[in-house]
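Given below, in the form of structure tokens, are the structures.
Two complexes follow with chain A in common, the first pairing it with chain B and the second with chain C.
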Partner chain A sequence: MIKAILYKEWIKTRYLFLLLAIILVAFTAYCQLRIGKVVSLRGAAHLWEILLTRDHTFHETMRYVPLFSGILLALFQFVPEMQQKRLKLCLHLPLPQSRIMGTMLGFGVNLLMALFVATYLIIGLYLYHVLAPELISRILLTMLPWFVAGFAGYAFVAFTVLEPTWRRRLLNVLAGVAFIRIFYLSSYAEAYNQVIVWLLIITLALVGFSFLSVSRFKDGVQ
Partner chain B sequence: MSKTYKIIYYILLIAILAWLLPWLYNLATLKRWSTPFTLYSEIIEDFAMINVNYDEKASRFIDRKGNSYTETQFDSILPMFYYRQLVTDNKLPDTIRGTHVTSSIIRRENFIFRSRPSEINMHHPGLYPLLESRSKRVDLVMPEDVFRLTKNGIEFIDMEVNQVNREKSALFQSVFIQKEVAFPVQTIAGNPTNRKEYDEGYLFTDNDGKLFHLKQVQGRPFLRPIPIDPEINISRIWVTELSNRKYFAFLTDANNHFYALTAPDYNLVNIDIPPFKPEKESMTIFGNMFTWTVVQSNNTDEIVTAVDAKTLAAIDSMTFCNPEKDKIGTASYLFPLQLSFTSTVDKFFYPRLKAFSCHALVLNLVLLVLYVVLCRKNKFSAMYLFKAVAVAVLGIFAFIPALLLKQ
Partner chain C sequence: MNPIITCTNLTHHYGKRLIYENLNFSVPEGRILGLLGKNGTGKTTTINILNGYLRPSSGECTIFGENIRHINPITKQRIALLIEGHVQYSFMNIEQIERFYASFYPKWRKEAYYELMELLKVAPRQRIANMSCGQRSQVALGLIMAQNADLLILDDFSLGLDPGYRRLFIEYLREYAKSERKTVFLTSHIIQDMEKLIDDCIILDYGKILIQQSVSELMNRFKKYTFKINDARSSLPANDEFYNPAVYRGNGELFSFQSTEYVERYLGKHSIEYSQLKTEELNLEDIFIGLTGKY
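Let's turn to the complex of A and B:
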């Protein structure tokens, strides 16, 4: 049964997965082209100097791409469920409600995780040849809040889409916007180092907010 | 599970409101607190200041006693600061306090030193470019390598090939061993830029608290131990590289005393100013050949000290206090606490809570009564009790989400 749910989720999201992979690779390639251009025009020393003296990572273009990915994935996964009332059918499957929802949400989180980890690996492998480990970790740690924001976007859009009433949807959207805003409050390099692990744990825990919406949906809240 | 998430969602909404409501309130009611631009005048031997009146959009030129000056008179009582204007007006005196002055002498002796907490409280990657300090060219050139300080030594990395330069690393490491540097290095400071007149490299303290001066001279390491009083525990260093070449650096110790390291004799001289905490306070020094005006400021106070440029002893001082600092603002009555994530004194992101305000308890009780009245038809439950307690303690932050999640 779980396999069937996972297959259903894959059918819904496979083209989006491909699209998101292309978008992430395209943005990563663009950032790497910019780095390559600086190195070829001004030399690697100039690139190092900028990274050492400014809060610049050469990956600022990617700032909102993970968030956009998370939001799109949640929309593609859960809007069809709500529009065609498929969620009602889903919840009648001979499995506990939490297991069904857990599988669907877990699928989404893992899909995002796969995309983000692959993006991180591509960036890290490219930078490994150009920069010292101190500067690579500086870039990756500065970017990390943007990727955690991707999970937050997924969590809050899923929470909002699965919510049965418009009034509560509006509240969820406002709470989501405020929560996601914290990932973009500081643009200084490595500003989030002290709390980023906690933010990741909290964000992944918040994915479970959708259980609240489904519970209200099942209770017939109008 | 949904009950747990109901509580988590309620707590999340409280946290969001504890951050956003005080932020909105401060945004709407923020008052500008500014202090007059103040310098010590060698002519009137008192502080002279420009008091900007933002309502009238006009500036008043006054001294501490309240005497008013015209803008031209003000230039004349601060000749070391406004010397370019005085040269243009052909009013620069030949002699000030018995010393012959010219615009070139004044330019060489003048300096402005700044330290901001946000430049200190930040992450540094730990890679340092070491410039050639005695190149045969006039302009300084940025090096092709950077060094890192490891637990056991120093390592140079060639930036073009991104590899450790073993030969250069070994050369510098041997000098570090010869001079008995105890690794790991504790504090290091320098100005790794070519936009300066000359280079003095880096000053650092080793694991034993000893102070060293590191430079690169014609490709060779220059490492000099600086004898200082072992009682002084250096905590922060600023390499100055001033035009007059009289000082290598400014330093602070663990007791927040402020020192100047004189050049070329490496004497550590205490500067007679109030304790300076660079992690929390800003400092600006307007220096000239006669006096230094040292401005130390934080969110509530600004202390201006005039220091004799020769002896570094205090001549005079004055303090500006924020008139609002001891007042209990309306925010204290509205919000029991205030949550923020960023600050002007650092470049870190983390949750910061302002101390709990007991003044908000009155509003909290009113809101609690209102909550009980509005929810009187609700069945008594653990959740209802939890929300009531939250409203009593956290006031408006808990009241709004309690109503929004009433169903």
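Let's turn to the complex of A and C:
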């Protein structure tokens, strides 16, 4: 039964998954090309100097890509469920409500995780050939808040789309914008190192807010 | 017969607006019961409450003896649901949707589904979203047949169906329900075909149940009386036994479960001079209008 729910989620999101994979690969390739260009024109030493002395990681172009990915994924997953109140079909399935929603949200989080981890691996493997481990870690840690923001975007859009009333949806959007803003407050390299673990824990906990929306939907709140 | 659905003292409001108060009804096993009513009388509200999508203001409903707010997933396997407008996962195609639902229901009958799908003139991989309303309803019906549930709950199944397909749907459904001894609880606001389908009916008026009885009994007992009134200015005094009595240009009409003799006594008692008293047998749609009024 869980496999069937995953199958349904996959049907809704498979083309988007492909699109997001292409977008992430394209942006990643663009960033690596920029790094490659600096190395070929000015040498690796110049690249190291920039990374150490300026708050520039050559990956700034990717800043909003994970967030955009998370938002799109949640829209593709949950808008079809709310059109014509199709969520009723899901909630009528002979499984506990928490398991149905847990599986749907877990699918989304894991799909994002797969995309983001693959992106990180591609970046890490490329940089391994041109940079010292400390500098690779500096780049990856600088980018980490943007990827956590992707999960936050997913959590808040799911929370908002599954909410049955427009007034509350607006409040959810405002709360989401305020929370996601935190991830983009600083553009300094490694600015979030001290708090990123906490932000990640809070973000994953926020995914659970969708259960609240579903519960309100089930109570027939209008 | 065991009641499959029981609702006790069901009351619901949307905000301050009362939909109904202290509704009591039950659906016996193996019967097809139609919940009929004008728009806004609470048909879909009742379906939503029964399926746990709406918390009633007060009262309690049980299905197979379990409170609908805490129904066991095993019990849910015995309940098939058709949502208003034949809503299904329109992003899937015929094959995908069958594969999706099959794993949830142990008594799943793939052949029943594909038997119905053969009637559709669509490619197996055509998305449901690209089908006509009739085709979509056939997919929804096919899924319900395949689920092989003991209780079928169908919300406004006739919505959007053309007359020919509506008739086919009804014949197919009745034959299936009777041969497999299924219990069916359904709503519709198109009454004309219902007498061919349902065994019992509940007619809802604003805020209450107007009547609950078998269709055959209702059609045998409920009559329309028409007569000419000599004094065109006369009106018909109120009587609890009569529904929607009216006089228009000297033509009187009323609806009642009472006999012709009762009507004659009533007219005589109130000194209403009349002639040409006629009794008309009614179909279910006329009965519905007779009970609820035209407006």
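Keep this in mind: the second predicted complex is superposed on the first by the 221 of 222 C-alpha atoms of A that agree within 3 Å, B and C clash if a C-alpha of one lies under 4 Å from a C-alpha of the other, contacts with A are read in each partner's own complex, and residues count from 1 in each chain.
FYI, a residue touches a chain if its C-beta (ideal position, glycine included) is under 8 Å from a C-beta of that chain, and two chains touch if they have at least 3 such contacts.
Treat the numbers as computed from the prediction; the structure is a model and nothing was measured.
Using the contact criterion defined above for the overlaid structures, shared-chain residue A:205 touches chain B, although it does not reach chain C.
Residue contacts after overlaying the shared chain place A:44 against chain B, while chain C stays out of touching range.
When the two structures are aligned on the shared chain, A:80 is found in touch with chain C, with no touch to chain B. Once the two complexes are laid over each other on the shared chain, residue contacts for A:7 go to chain C alone; chain B is not touched. For chain A, the partner with contacts to more residues, out of chain B and chain C, is B. In the overlay built on the shared chain, the residue A:134 is in contact with chain B alone; chain C does not reach it.
Of the two partner chains placed by the overlay, only chain C lies in contact with A:91; chain B stays clear of it. When the two structures are aligned on the shared chain, A:182 is found in touch with chain B, with no touch to chain C. If you check the complex, the residues on chain B that touch chain A are 1-2, 5-6, 8-9, 12-13, 16, 19-20, 122-123, 125-127, 129, 142-144, 146, 148, 157, 159-160, 162, 192-193, 341-342, 347-351, 404, 407. Of all residues in chain A, those touching chain C in their complex are 1, 3-4, 7-8, 11-12, 80, 84-86, 88-89, 91-96, 217-220, 222.
Chain C meets chain A in the complex at residues 14, 48, 51-55, 73-74, 76-77, 79, 81, 83, 85, 87-92, 96, 99-105. Residues of chain A that touch chain B in their complex: 43-45, 48-49, 51-53, 55, 98, 129-132, 134-135, 138, 145, 171, 175, 178-179, 182, 185-186, 188-195, 205-206, 208-209, 211-212, 214-216, 221.
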